[in-house]
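Common to both upcoming complexes is chain A, partnered first by chain B, then by chain C.
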Partner chain A sequence: MDITILGSQIIGIIPLGDIVFYFTQFNLFMFATALAFTAIIAISKTETQVEAEFGKLGDRAVTVAKKEFKIRRFLAIICGLATAGAMITGDLFDFTLFVCLTGIVNIGIVGAVRQVDVLDAAYQYGLIAMMASLPLFGGAALILAATGTISLLAINTLAYTTPMMILGSILLFIGVAGETGVAPFFATKAEMFRTPGSPFLLIIHLSSLLILVRLIEILLIINKPF
Partner chain B sequence: MKSIGRLWNSLANPDRIPRLFALILGIVLIAGLFIPLALDNQQLYPRPAPQEQINAQDPLAPYDRGGTPFVERGIVKAQYPQYAPAIGEITAYLSPIAISVKNTTLYYGTSIYSSPGGLIDEILYYTRGFDTVLESSILMMAFVIASWIALNFTMRRDDD
Partner chain C sequence: MNLMTNILLNVIIAFLIGSLLFGLQRKIMARIQGRPGPPIIQHLLHTLKFFIKESAFPYTAAMPFYIAITAMLSMIWVAAVIVGPVTGGSLLLIFGIYAVHKIVEHNAGSSSGSPYGKLSCVRAVYSAAAEVPLFAVLVIIYFKTGTMNITSLINYQAVHGPLLYAIPLAALMFFILILSKAPYSPFAITKGKDIVSGYETEHFGLLRGYLMMSESIAWYMLLWVFLTVFLGPISIPVYLIGMVVMSSIIAFINATTPLLNPNHSIMMQVTFAFVGIVGSFALLMI
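Take a look at the complex of A and B:
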């Protein structure tokens, strides 16, 4: 392995036909973080809020029904696995599919909360995620048309950058921002992070953060500004 | 300073975010019309010229890649041929039903039943098989979420 991507050596690859997963120190760390957080989520219990009752001295515990808790945990685990996959994939179209999976699972996590404000925010988020699939896949398609390949390892060896690749990169950025980037905004607006059953919702924050970092790496590979 | 604060406050309303997003996307798409088209001629997944196979009255059009199963390889390209040693060997396989349909109509290649057991698309199932797995999982998660919400109405708005 004598290929270098952005200055870091490739430690190993997992070839699945044309789709090659590759490991560098950088994305291996993010992959391990996503998997570790997913494991913590899989074994953690839901948060219970204690509210003071008005006019009395008693406290009231607000818990989440097990049914609701189970679907949210399931979706959070899928979200974590999709994020981990997006960290190591060496194929642009595969990356967009992982982002799309994260986005749709995020809608599910936000939509499975029994509060009207949260559901209103989830509806708006769903609208954005639907709009964002156009620039997401369109950007990947433009990069395929401009370079002739969607393997990041092959794009890394190209010596040129055309205006169409830059347009594709901008569209890709808008698409990823719409699919996962705005999810924490809606979750925070709906004040979901302090509601009962909240720890699973933190995967929304973690996935959007990791995917944006990885997207910036991919954009640097495609556009080679240095 | 006060107007910036008012701007942030107006953005804090979730209803406005999809409109803002659509506006930005529209501006970028319109700006994209002025970008010069520079297509690469050495495409990874080449296609025959449009209408070429249809004009040749080929019932497998536009998916005819030639070859005989396990005897002669069809034309399928891969980014990394070293990871796909058996490429092109079964791309021409047709099931008995597919052969009978192919003999009755000229439009077999464009019909929906041409995929399972008919024209095996090696790009879908062999060289880029993981994409197909991911696509079906996206669809499955969408159905899981939709059916969960349909079964346990997340919120009955009339009661609220």
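Take a look at the complex of A and C:
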């Protein structure tokens, strides 16, 4: 297959109707990493946090209750699979759907925790994620309007970048930043990470960073060099 | 050379050179601070020592996640060696590997249940917000050269000259990122001594050995990426000189600056990233 994306040869594609997955070295690594972490999370227990008691000399063990553990593990697995999908999709609209799904399950993973501070942080993250869905889908729609396609393989062959594509890219970036809670929204996320349940917190962090890196690849495909 | 031999050789070289450069840094820092300091080989010996020490696992740890995360750190940096010096693959992939490194740093801390590890984990989340944009300045390279393939980048520089002169702000930003990963750096908030050893605090024996080995390979790889991407086709002795010079400059900075408060560290890195990205685009446009 003689298609090159950002200087890397495409190893293969999986056409599923109008949904096309493609693999380069980069996509394959990110996909495999997301799946590997998801598998580890699926079989892992959670840690016990040891905290000092305020005003006393004793320690306090903070654990994850069984009921909470089950729902958080389920959502973490869904999040991992959605992240893996976002790594290999060759369709811009699919990418936005995967990103949206990770945003929803990320809120669920921390929303299941019975701690006021954590729930407060999850609520704020939820508000940002909801608001970010407008620029996320709006950006993808603008790129579709400017190029006539949402296929990244087709956009890759275009030799030009119009101002509308740049505007669409900026909106897409804002949308993904809000949905995944990356900077400048990370301060809220850091508060969510104080709760126990390390494997589940990993998937929140993993999905954010992997999607951000994939977004950079997508933005470089859309916006051509000077 | 056989591919497997090539990979093995490059991983061993990365580990040995990375460890010796860490040792050199500690030596230079000590001499600047008026101390004799440990021998240069100390970091390497320290790493090897952990491989023969007894391993212990905290009863509060999230198993098997706590162990798997260490294995994952080793695997990703071995993958980086394969993508970089062995095959000259995608720079974007090394960016992805760095992102996974931040995730591992975050969860190595939280998986043990230790409060020191947990604080390091929260700081890793903060620092990712600053370090990932710093690494993202590599996209400037794409807008300048039209490729993210390392071999193509070397060829580009063979014709057009080193990118260090064409996009100096991007090089500076990447240097700040490397500085952030150095031990005792003003930006090394995840391993600050106020939280013992940060995310490594509760990793003992073999697991600690793997963590230290991965960090040495990571250090070598970050320097290798900088020299390859910004200086282009250079010989092995120039690589070695470049790595020694960069490690020495970083040691000097580390010896003369305090560890920053996490919020100040992030704001300073974000400011550098902002200036780097906006400035580089401005330079490309004019």
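Operating definition for what follows: the second predicted complex is superposed on the first by the 198 of 226 C-alpha atoms of A that agree within 3 Å, B and C clash if a C-alpha of one lies under 4 Å from a C-alpha of the other, contacts with A are read in each partner's own complex, and residues count from 1 in each chain.
The criterion applied here is as follows: a residue touches a chain if its C-beta (ideal position, glycine included) is under 8 Å from a C-beta of that chain, and two chains touch if they have at least 3 such contacts.
In this text the structure is predicted, and so the values were computed from the model without any measurement.
By the document's definition of touching, both partners, chain B and chain C, reach A:182. Contacts of A:217 after superposition: chain C is touched, whereas chain B is not reached. By the touch criterion defined above, A:171 reaches chain B but does not reach chain C. Judged by the touch definition given at the top, the superposed model places A:24 against chain C, while chain B stays out of reach. When the two complexes are overlaid on their common chain A, residue A:205 makes contact with chain C while staying clear of chain B. In the superposition on chain A, A:121 contacts chain B only, with no contact to chain C. When both complexes are overlaid on chain A, the residue A:145 reaches chain B alone and has no touch with chain C. Touch criterion not met for A:35: it reaches neither chain B nor chain C. With both structures placed on the common chain, the touch criterion links A:77 to neither chain B nor chain C. Contacts of chain A with chain B, set against its contacts with chain C after fitting on chain A, overlap at residues 182, 186, 189-190. Across the complex, chain C meets chain A through its residues 59-66, 68-69, 72, 76, 79, 83, 89-90, 92-93, 95-97, 99-100, 102-103, 106-107, 110-115, 118, 121-122, 125-126, 128-130, 132-133, 136, 139, 142-149, 152, 270, 284-285. Chain B meets chain A in the complex at residues 12, 14-15, 17-18, 21-22, 24-25, 28-29, 32, 35-44, 78-80, 83-84, 126-131, 134-135, 137-138, 141-142, 144-145, 148-149, 152, 154-155, 157, 160. Considering their complex, residues 15-20, 67-68, 71, 74-75, 78, 91, 93-94, 97-98, 100-101, 104-105, 107-108, 111-116, 119-121, 124-125, 127-128, 131-132, 134-135, 144-151, 154, 162-164, 166-167, 170-171, 174, 178, 182, 185-186, 189-190 of chain A touch chain B. The touching residues of chain A, when paired with chain C in their complex, are 6-8, 24-26, 29-30, 33, 36-37, 40-41, 43-52, 61, 182-184, 186-187, 189-190, 193-194, 196, 198-199, 201-202, 205-206, 209-210, 212-213, 216-217, 219-220, 223, 225-226.
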